[in-house]
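Structures are listed in the sections that come next.
In what follows, chain A forms one complex with chain B and a second complex with chain C.
Entry: the complex of A and B
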């Protein structure tokens, strides 16, 4: 928990003397990977950050998009991986809390949460089951108490997360543009710490998160208190309405050290603070502990002396702490005192801007020959294979998870969890669609194409609701960046995301990098998580009930791309092969065409083909609508392949459209005109999921049987193993 | 005609309830902070859902000792219509305005899902526009939503027609599938499901927004509708 020798040398030469013990703690927190992004920052600049809707403002912890009518949405994504791997309930809960305060710090009300969870193989690994169950409880207890709906997310299990956990939380805020906090400060303004007390929890948390997880350092995990967070939200929004906030920042990683130095840096001012003014949870806390404690539910607010009285009244109403801990100074020094004694006196610029690294990278050895496929055993019983896949933890319904989250509170949720993407109604009459996606199996085989695939999948999901993508959030999770092979996978993923974002003109509005994700069993697979936000001007596509006779049209080519598929990995236990590759041109064309069809109200539903391939996507439609379907394999557009490959390939850019008979011709005309690869592959009827080859059914599976497995298997795994 | 929505620290369905009353039913609605007295000229009071005091101790237990509850009690005695939804119901039970208790769901988990109610009593100010036996699709969202009363209390509830809503299926293990009850006079009603989440078709996935009648019943009682 300290600086590396060359960093210490650098600090000494920058300040021209030996640092004090408190200064060392402050700098160690702020220069940690978690706070400084020192390994990744110079590379992140390649992501396109600008767009017609993007509002950029200094010092914001979340991205802001103008959605019209005087309203904005804000969005951010965070993870809490190290803490969740040690203490899943508290780690996951405080993960929610942190990202919610990022949304709040811009002056917008948080309106939705999405969470991505990843654990080891729960069918075998008891610890993974424990981690999963408790992380879900942590998120549920925190989000439900706040009254912010958890509207979507994803859950995935893979052996690479054994003894570890990835807990990603994205949050969305909404508010009036005029209410955005315009971070500014004048000399003499006061610095106020609002909210919960500072305690001995989360000490050194950001440094803990910037190292390999070798020991269970529970004191580095923060303790959640959603009730205080709820009070802070209401108090801050009331203060915002009264225009009492000049600048605001959430206290997260690095605690006060980070919040003070980054606020001063963003505002271009100096800050002097006194640790003895901080309201603490217990007496006798050392100043250094106060400076690096990551106790939750705290906000730093800069306001004027005259507005302070009103801010105090609001905090009193909600009975939350409100301590004036410092003041804005000219000069650009960060000064920490205890009474009259100066404990730290550092240039803000030095603290807030760690020297950026340029780490070496090399293509990992494991990738050579990984696309080579081994000979797989022949599938003799296709219905059984499909049923196995429907019950596979990564494919089975996640209702056990989202059924524990209040996804209705706030009365905005138009399309609810369990569909392709969730849709929220906004006060300006428009609707917002949101989805997060990741796919470590694909990213492991090809970090670039895998990452692009996650991005495209999230886009496809929002497109299925009738939304055009307007912004993306990226969360890049990798192992130790000092390993050149791991760093190469990071750079490859980043470049892929950047290329796709530029090509589709979707700005990156925020993100996060999480490195050192390793357990005693080694590094995780590259796990970028991509969140995509889409805007719907008028009418969303809310999936309508499918009825007998409706037609099924498949848009997009099915290709021989089964590397990293659930079929290869879950059924054949084979890791390797070619992972799906997004063709930018058809990706764009297919997206636009589907959006066009939705706008013309020609579709009953649109469903994305992803994990488990076409066979699973078709089954999902059948199970959620309790109707059978007959699909002919010969009609599937794309390459001529064996039956198993047609059924289970996870090729991108594919959409399953349900069309009522009367609109089929029109839909086909429009798709032909747009030169999209498509075909009517079947029709809904009866009560069995049927796939035919020639005229012979190779799959004939009763919908109710499939549904029973799909709905209950995850819950059964959690409860009974 | 004034409706008051009482806000406790940790209430989180107050804004949803306000929206429905104000924007959908065009009713004069105001928030009342739990430490402020309620004005005398109020025509109905709603205790919204949420996690007052973070559900510490027991859901609703601390809020039941809020200053505002004395005023709510007085108004209950005067016969003014009072509705508690979800945490509001828990507070009414904890404050003794309604019989019974609310326990952890049988699954021991928080449950958020749509379910169906049937109307058992159509004499209360929040159910007078229903037919007996009418079905209401509605979402529940709670962790401590299992209504429990001992046999003696259950007998009394039946005798005085105090069971207002019942679940069609046993969703959480409630005694007699009870979802909502009223006091002996019938003017104080508590229910675990969220009618404010089922009024607008935009967010209601069914083709039935019978929940609307809960609000229309109140407005009828207040003389706004006839």
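Entry: the complex of A and C
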């Protein structure tokens, strides 16, 4: 753990002397990429952060949205990639813990978790299987112990994550607006450390996350303890109800160093603390270790001297540690002492605000000619290809994963995992819909369009439940930013997201940047993950059972966009082609029209077309409803294309609507009036998935056979390889 | 060839927290009359029975088994071996 030579020089010139060893540790932690965002911060400003529902307050670790009736929801996304790659169980579990404390720090109760997981190719790679299995149990154990439902997420496998793992966790909180912690502090207020004890685990984790993962770094791994986390949640919420909290921050990357400097910076005050007051797990810990330890389940609370007694009582009741470690001072210095000895005395502004970098970027060479399609072998047996795709790890049902998560606890979950997006009941009578999406295959071919596609897909999923998107979270995961080619992909993705967010007027309420995601095999593909939150004022669209005779309407054009599709990559092992591009105008129009139809209660279900294209989306409807469907390829809206493209192209802005016969006319009228591209492409009947070309069926696959493969293939891969 | 029993103890590395041990200590042992107990650490033990020519060969084989098959994660756990004549 160290500063780069020019950073050390800069620190020296800013403080006008040589830093002490403790100061060096503090600054190295805070100036790491993980804590300071030094490479990305100046660019992140292009994202639209404001909106009518957004409540911005200094020092918040999560985004806050006003959902009416005096209530707010909070949301945040974090990753725990490096720790999970070496210790998947603990890494994934502590990832959940960290993001939950971010929600808690605004004074809201965490009500749901979503997680996005990415690993190497589990059909070949034994280590990827091990990572996958243990990360899933880590998340399940931690979330289930806390009584917070894990309501959704996504899982993806790609060779670029070999020997590595991307574990992203998003959490949602809910509370009364009046209970939000309004971060403030006055001179003389005390700084209290609440929760678990500080130990030697996780020392230097934030630095570790900013270095390349070449060797297994043992001390940077943290051990999860969900039961302490649960006690912290309850203790903090009780203290919140009694108005005992002036300001609050969770201890994450960089430990006390970052929490103290960032709190002081956000509040515009100075803090003086004494390391000997911190409750430690073992005797003889060095002050530097205490300052940078990333032991989990700790919160920093600022309160007044008079309220301290009550806070102590609450901590005693919940049997969690509570030490007064310092006090708020005037002047903006961060002072760390041990007894009477001063170990560090730094201007808060210097510590908390690393100099932002302006890194060079160049268009990567690999992109030249990547859109060129190679001549592919002709598919002779389409039913077999469809069946193969349904069993592909990226498309197969993820029930093996979400079946391990408690997704019902808290009794808010109205639409459960396995559908497009999950829906949670809120206390003000409204409902919240949430989904996270990513697509590294598309982003690799075209970082801009790929990122917009992830964003649109998450919006589509939320729209399918009848929710209008009100906020987004972005999590940008890339390789080493000092490589100009990688940095270019970062900037392109960011610009794309920003353009789409502005166009749809969806504010970005929070996010995270994770760089240096590289293993010994090289950098990962650009992997932005987008979370979208949607609000439903009255009734959600809970998918109803599809019955014989129901009609299938496809909204949106199918285009020649097979690049980065599962069909190209899984069936033909071909990386290249044109990745799907979102047309902003029709995206908006289609979203509005589908929402309108749902509001009028004309649909039985709405499902988006994404991975695997139309063929997979139709099959999913058939399999979950155990009914056949007959679709005519000629009726698919859009340009004239060959069968492969019609079936498997992953074009965006498409929705599959299931409509009962009595409403078909009405639905068609509304869609025509809105000038949306649509057509009735088929009807549900029988017990086979049938696609016809001319009068000939080119796919005829029994639903029960398809379902067996779709449901069991992921589990079989994990358990039996 | 002799039959050996190799006991493999897998525990958290020193300095890493042990929520299970701490809970047993605080919520069970110290709640009773056993105030002199100051620390409890949990561990998992596997008992292997193996045919080898001597104690050293038995231990090195089992060590290899544990390392190769990821019976423990070297990132968080440490292992120790005790070899007994079966």
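The rule we apply is simple: the second predicted complex is superposed on the first by the 721 of 721 C-alpha atoms of A that agree within 3 Å, B and C clash if a C-alpha of one lies under 4 Å from a C-alpha of the other, contacts with A are read in each partner's own complex, and residues count from 1 in each chain.
The rule is simple: contacts are C-beta pairs under 8 Å (C-beta built on N, C-alpha and C of every residue); 3 or more make two chains touch, one makes a residue touch a chain.
Please read all numbers here as calculations on a predicted model, not as lab measurements.
Student: Between chain B (first) and chain C (second), which does A:23 come into contact with in this model arrangement: first, second, both, or neither?
Tutor: A:23 contacts neither chain B nor chain C.
Student: After superposition on the shared chain, which partner residues are touched by A:227: those of chain B (first), chain C (second), both, or neither?
Tutor: In the superposition, A:227 touches chain B and chain C alike.
Student: So, does A:90 touch the first partner chain B, the second partner chain C, both, or neither?
Tutor: In the superposition, A:90 touches chain C alone.
Student: State whether A:196 touches chain B only (first), chain C only (second), both chains, or neither.
Tutor: So A:196 only meets chain C here.
Student: Report the partner of chain A that touches more of its residues: chain B or chain C.
Tutor: B
Student: After lining up the shared chain so the two structures overlap, which partner does A:650 touch, if you call chain B first and chain C second: first, second, both or neither?
Tutor: neither
Student: Name the contact category of A:425: first (chain B only), second (chain C only), both, or neither.
Tutor: First partner only, chain B.
Student: With both complexes overlaid on chain A, does A:413 touch chain B (first), chain C (second), both or neither?
Tutor: first
Student: Using the superposition described at the top, list the residues of chain A that contact chain B and also contact chain C.
Tutor: Residues 225, 227, 319, which sit in both footprints.
Student: Which residues, counting only chain A, touch chain B once they are in their complex?
Tutor: 140-141, 144-147, 225-227, 230-231, 317-319, 402-414, 416, 425, 542
Student: Mind pulling up the chain B residues that touch chain A in the complex?
Tutor: For this pair, the touching residues of chain B are 9-10, 12-13, 15-16, 19-20, 33, 49-51, 53-56, 109-113, 139, 141, 143, 194, 196-197, 200, 202-203, 205.
Student: Can you name the residues of chain A that touch chain C in the complex?
Tutor: The touching residues are 86-87, 90, 130, 196-197, 199-201, 216, 218-219, 221, 223-225, 227-228, 281-282, 295, 319.
Student: Can you tell me which positions in chain C touch chain A when the two form their complex?
Tutor: Its residues touching chain A are 12-13, 15-19, 23, 26, 70, 73-76.
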